[in-house]
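Each in structure tokens, the structures are laid out below.
You will see chain A twice below: alongside chain B first, and alongside chain C after that.
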Partner chain A sequence: MKDINLVIEICGSAGEGTISAGEILSRFMSAQGYEIMSFDSYPAEIRGFGKCVAHTRISSDPIYSPGKLADVLIALNDIHSISQLSALKNKGILIYDSQPARPHEEDKSVLGWVDPGVISYGIPLTMLAQRAAGSARGRNMVGLGAIAAIFHMDKDGFTASIENRYAKKKKIVIDSNVNSFLEGFEWAGKHIEKIDSFSFEGVTMPLQKEKLIINGNQLVARAALDANLKFYAGYPITPATKIMEILSKELPGHGGTLLQTEDEIAAIGAVVGAGFGGIRAMTATSGPGFALMTEFTGLSVMAEVPAVIINSQRGGPSTGIPTKTEQSDFNAALSGGTGDCPRVVLAPTDTFSCYQATVLALYLAEKYQTLVVVLLDFFLSNSIRNIDIPEKPSESLLNANIAPLPEELENYQRYKITETGISPRAIPGTPGGIFFSTGLEHDEYGRPNYSDKGHLKMTEKRYKKYAGVLTEAPIPQISEFEGEMADIGVISWGSSAGAAREAVMLARKEGIKASSFSSMMLSPFPEKELIDFSDKCKKILVPELNYGGQFANFATHIIKRPLERLNFITGRPMASEDILEKMREM
Partner chain B sequence: METIKSDYLDEKLDQVRAKDFLKYRSGDLPTWCPGCGYFGIMDALYKACRELELKHEDICTVSGIGCSGRTPIFINSYGFHTLHGRSIPVATGLKLAREDLTVFAVAGDGDALGIGGGHLPHVARKNIDITFLLFDNSIYGLTKGQSSSTTPHEMKTNSHPVGNPDTPLNPIKLALAYGASFVARGYAGDPEGMKTIIKQGIQYKGFSFIQILTPCVTFDKTNRTWKNLKENVYNLTLHTQADNMETAMRAAENEPFGVGLFFQDKERLSYQDILRNLNS
Partner chain C sequence: MPSYDHYVILGNGPAGNNAASFLRENDKDAKITIISDENIPFYYKPGLTRYITGDLSASELIVESLPNYREKNIRLRLGQIVDKIDPEQKIVFLRHKEKVHYTKLVIASGSRARVLPSMRGYAQCLKHITTYNEVLEFKDQIQAANDFFIFGGDLVGFKFIKMLGKMGKKVTLLIYPNAFWPFILTHEMQATIVSNLEKRGSEIIVGDDIHTIIEKENAYMVKTVKGMEKKVDMVFSFNGLIPTVEFAKGSGLDIDHGILVNETMQTNLPDIYACGSCAQIYNPVINSYTTSIGWPNAVVQGEVTAMNLLGDHKVIESVGRKYFDLEGVRIKTTWWEDIEESSSI
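So, the complex of A and B:
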């Protein structure tokens, strides 16, 4: 069977239907049985004529990263597409508008900028859209029609995906989109002389289980509902807002409450209040909001009240780059706040594990009575995958509070010192369970106590809980070079882990002995596993999306040896190609 | 050296224990200075809970930081001493999670109007069903006598030794302007009157804002002293029906201080009732 592995990009100006064309393409390809990963980039501003790029990777094999360069670029807008040419492979294919509404000045036509190796197919996008639907709006569909014809894609399947996408719109909208697609399909079929070799013809993908086409934000919301979330408080912030919007629709029907607060301090405050009340509560934010929430991290840990914060990282510091991806809140998540303040930090490594991480976060927060931070990033929040429908969490993950036994209520100590560090927690309303919690250091009853012994005892108790957390942590994802010592071990975290894994697979094909390691659990960290891994590698490489090497610094302290770093702050997701190139140099 | 007979202490304690409002008092001894107005507030709070026959386990008091922050320790109920200025958001989350509980949010003037001032308009406009007690002694007490948001203009304090350059906020006017639907004022020297107000506040389904005038006997020797307060409070019920915003605003002008209910909107729904209506 022929393998399909290609990246198609659609580039246009905001409002030209770039993103919706990309969405239709991915839905169609998923319906055809391919794996897809799509990631759009768009400007932070809502209005204006900013550059939009819909990036879709399509493959008959598992996908680990979005792919750095495109095989095909559909240029809906020449000016923006000129700057996108650098992301087109040197033997890639360009689809451009051969009869734009107004002739381009000499240096503003995308065709004038292509490298010699690129195959260019001129399609009269505007003219065909006008002919099909009486408006230039359908150029995006004409473009899809053209690639469908050139690459021998299933015309009827594609048409069905377009109809699906606009199913809730008026018939005239559906018709004009479908007609534009067909116009492009027929025109290209008749007029384009194919000189490339890409073809979907003869590829039949096995029928797959029903897939979920979904992004990380949607999965977080879905997981939270499945994991018994009953309260969400939040403040709008890119790229986390969508989580609040989904829950605002869904929570009331699940017996929960959503509160939009005046700021992020109030949001985490309300989450801590609801957690104190005994129900599962969380909030979601990004860097600037997390900075404010830091005020409450200490209280959640000190008073041992469950709280979950989802932090979808964007470019930082400060307001930073709101619509670009970065992994630069590692330090803030692990240690934002004052004092000796241990907390749980989870970072899903791909879209699917956003579900797992959210379920685990709500469970661990409740059971261990602590703060759990889940680190997503702009890429994980917004990139779309087709995944298997996740299994709902088991009952044991849904009710995790360790309540005091009747005899323990006779002389109830809310902060009783125990083997595990977990003290049985009474919920307000429990007769005999009355207690007082405080952010002050306290004794076993919760009463303020500032003695040196007391402070040490309670600090130890709070740290002790994390040994238990580690036993419930997901096993690190390790791919070892079989039989021998690896020349290079790549250690990664969060959304970079997929690219690292892919780079290692590609490196092995080139004969490089390589291994990979990533852990969803960042705090407490599975140190032993990392040390064991490191011992089997001659050199270590840590690729991550921040400038200072935050995770590399952290890992250095665990493995106590020098390591190579690979840092990008381009705002784009990690690319396996870049890691591979670095590995070749090492 | 003469020692006090232990019998005498026991006898006195028995007399005190005999008063049944003490059931709401916890076993912990207050850390406030002798003569502090907060003792009067606590008496009123205990009595209000007793008269409404609230179950101990169904009460939760949420406080911020400052002298008032210790309040939950001294109530025999669930309590949460949170962060400076943040009793309102925590109490909001708790009430939305647990509608069955009676939730008090307690804050001092620095807590409620300084660091936490941003939360007040929103809890008022949302009409969260909590009873908010503002322990207003017009000074930062726990940090030893700096100006707060209600310290009078030109008063000398430890942060403004030649006089406070700022103009004080008027908490009642703010609450009214923010759209609080139950606005009242109590006076620490009148536990009976305060008890009545607190009871009304608990029973009101919505956000009840209660400013309580109280002296700081240690760090304010000139302004809000027991003597000055006593001479400057009057009973508000003679002047207002508590159903008119304009009358309430006028009555909220500074000294003399009207004590009682300024304003109450009996028709307005609480946040949770609004949500139920919207989602039905």
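So, the complex of A and C:
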């Protein structure tokens, strides 16, 4: 069977159905048995203008990154698509509207800017949409129909995906979308003289078990519900809003409560309050909101109250770039706030691990009575994958509070010094379990205590929990070069890990001895594993999506050796192609 | 004073490119755009036959690479077809529905293979060597094929026959005396050519014509009017070139075979010039218009056009090779002198 590995981009203006078309394409390809990874970029403004791009990678093999350049660009909007041409491969395929309603003014046509080598297929998108549905709005479906014909995709399967997408809409909506698709399909089949070599003809993917087509935000919400979340407080912010949106519908049905607060300070305050009350609670935010929460994060650590914050990173600082991806909250997540403030930080490395990270976060927060931050980013939050349905968390992960024994309640010390640093926690209302709780430094009973010895003892207690957390941390993902020492070891984190892994696989095919390392657990960090890995690599490369190399700086202190950095702040996800190029240079 | 002219050049051959380069050298501020329907940077067309044999690689054909255009700040629009021009509004309309505004227009759209009216029904079966894309399409096929049927002649055709001979291919040529259109071979010239080609092993048919061409099982059955039948792998037509000027029809430009220009390469409409093989240039000696062929002529015409666009009054002169060796016959092909006098040497 021939391999399929194709990136299709649809570029249009907000409100032109660009994202919907991308979603339908992804769902159709998933239903056909292909691996998909899709990622949309859109303007920060709500609607009506601005450039939207639906980026979908389709592969018959496992996918680890979205692919830097597109093989196919469907231009629904010429002006926006001109700037997207730089993301089209040299020998890519452009689908453009050959009969726009009005002639383009000079330099406003996408075809006017294509480089030689690009194959251009002109499809009368507007005219066919008008004919099919009486409106130009169906241009997105005409475009899908055209590529379905040109690349010999399953027409009936595609039609079914469109019908499914609009199943809850009126019949006229379904019909106009399907008819537009069919117009594009028939027209392209009849008029396009195919000169590219790409085809799905004769490719049949093996039947697969049912897949979830889902993005990181949806998985976080699903995981939270499965992990017994009972309280969510939040203030909407891109790119985390979707989590709150889903939970607002689902959480009440799971016996929980959702509270939309006036700001992020109130949200984290409510979460800490709920955690104090003994139920699992979390909030989701992005950089600006996370910055506001720092005072309460300190309280969570000091008062040893479980709290979970999902921080989906975007371009920063401040309001920054709301709809672009970045990994620049690493320092803030690990060290933001005041004082010696040990907290757990997890960073999922792909869509699937968003589920694991959320379940683990709620568990660790409850068991270790502390703050847990989960670092997503715009890409992880929004990129859509087709994944196996995750197994629900085991019972042991759902009830993690270590409650005091009856005898311990006789002289209850809420902050009792223990070997693990975990003090048995009485939920308010527990008979005999009355205690003080404050943001002030305190003694074992919770009473304010500012002595140097007391402060040291309690600080050590809070840090002691790290050892326990590490024993429960997911094992780092290490792909070692077998046999000899690797020439290059790539250390990555978060959403860049997939691209790093793919780059290492590609590098090996080129004969480069390469290994990769990534850890979902960032704090506490599996330092020994990283040192062992580093010792087996001649050179180390750290790719990440921030300017200052925040993780690289962190890693340098652990491995105590110089390393190469690869930093981007383009707003786009990390590309395996860029890492590979850097590896070739090293 | 900076110039804000927008020079739009239709055609990416030697005439158009030379005009563009000269304009850029002498007008740093102007906007310059080259539009070509071919999807390849400026390449050396006479090298196509050597490209087929493998003596030249695709990259060696390229005369001017894309970065050079960027460096010169010349906007290169490749693979874009001109539908029509509107001299009143000074707009070039592109087929993909884009308007390009010019202040001065240079038409250097070149020429394409002439298909005889009687052969239009067989156009699908005929191959030509006029563009890179055509050649790219059947380059491998030529390597694999053994039997070739060629009708017509012309300079490129004879070059091709020579090349096939070197490759050990079997060639049948149905010679047309008027294959050099608009030049016509005399009987004496034709006899010399036939004799020389036969000595090289080619089969030559004279005084006959194509009756039918039938495509059958990856081969072609060619039947002549006099009843000869030949089964061959490929059929080529070499019957001269005709200027590519369809887009200019109806624009008000004076057009005969090509676009008529005066000795300074200017058309009958203001701010529109034409040069290269798409133009018919006024020759005061014979008081008529003639078409030129050949790379060197096109280069000079492009440069003269640019000079005149910049305000000069340069009159075109003949350059380049005046004579082509054609199987032992020297043929004068330059347009600038009396055709009848120079038709046999």
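Operating definition for what follows: the second predicted complex is superposed on the first by the 584 of 586 C-alpha atoms of A that agree within 3 Å, B and C clash if a C-alpha of one lies under 4 Å from a C-alpha of the other, contacts with A are read in each partner's own complex, and residues count from 1 in each chain.
Note that in this section a contact is a pair of C-beta atoms (placed from the backbone, for glycine too) under 8 Å apart; a residue touches a chain by one contact, two chains touch by 3 or more.
Because the structure is predicted, anything quoted here is derived from the model rather than measured.
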item: Partners on chain A (chain B, chain C) - clash or fit; value: fit
item: Chain A-centred angle between chain C and chain B, computed on Cα centres after superposition, in steps of 10 °; value: 140
item: Touched partner set for A:V173, first chain B, second chain C, both or neither; value: neither
item: Which of chain B and chain C A:S120 touches, first, second, both or neither; value: second
item: Partner chain in contact with A:A233 - chain B first, chain C second, else both or neither; value: first
item: Contacts of A:L456 with chain B and chain C, given as first, second, both or neither; value: neither
item: Contacts of A:A467 with chain B and chain C, given as first, second, both or neither; value: neither
item: Chain B versus chain C as contact partner of A:I475, first or second or both or neither; value: neither
item: Contacts of A:I531 with chain B and chain C, given as first, second, both or neither; value: neither
item: Touched partner set for A:V272, first chain B, second chain C, both or neither; value: first
item: Dominant contact partner of chain A by residue count, chain C or chain B; value: B
item: Least Cα gap, in Å, left between chain B and chain C after the two complexes are fitted on chain A; value: 56
item: Residues of chain A defined as touching chain B within the complex; value: 230-231, 233, 252, 257, 259, 261-263, 265-267, 269-279, 281, 295-296, 299, 303, 428-440, 447-448
item: Of all residues in chain C, those that touch chain A in their complex; value: 39-41, 66, 77-80, 93-94, 96-101
item: Interface residues, chain B side, partner chain A - complex; value: 26, 28, 55-58, 60, 62, 72-73, 76-83, 86, 88-98, 100-101, 118-119, 121-122, 272, 275, 279
item: Sites on chain A touched by chain C in the complex; value: 96, 98-100, 102-106, 108-109, 111-112, 114-117, 120, 122
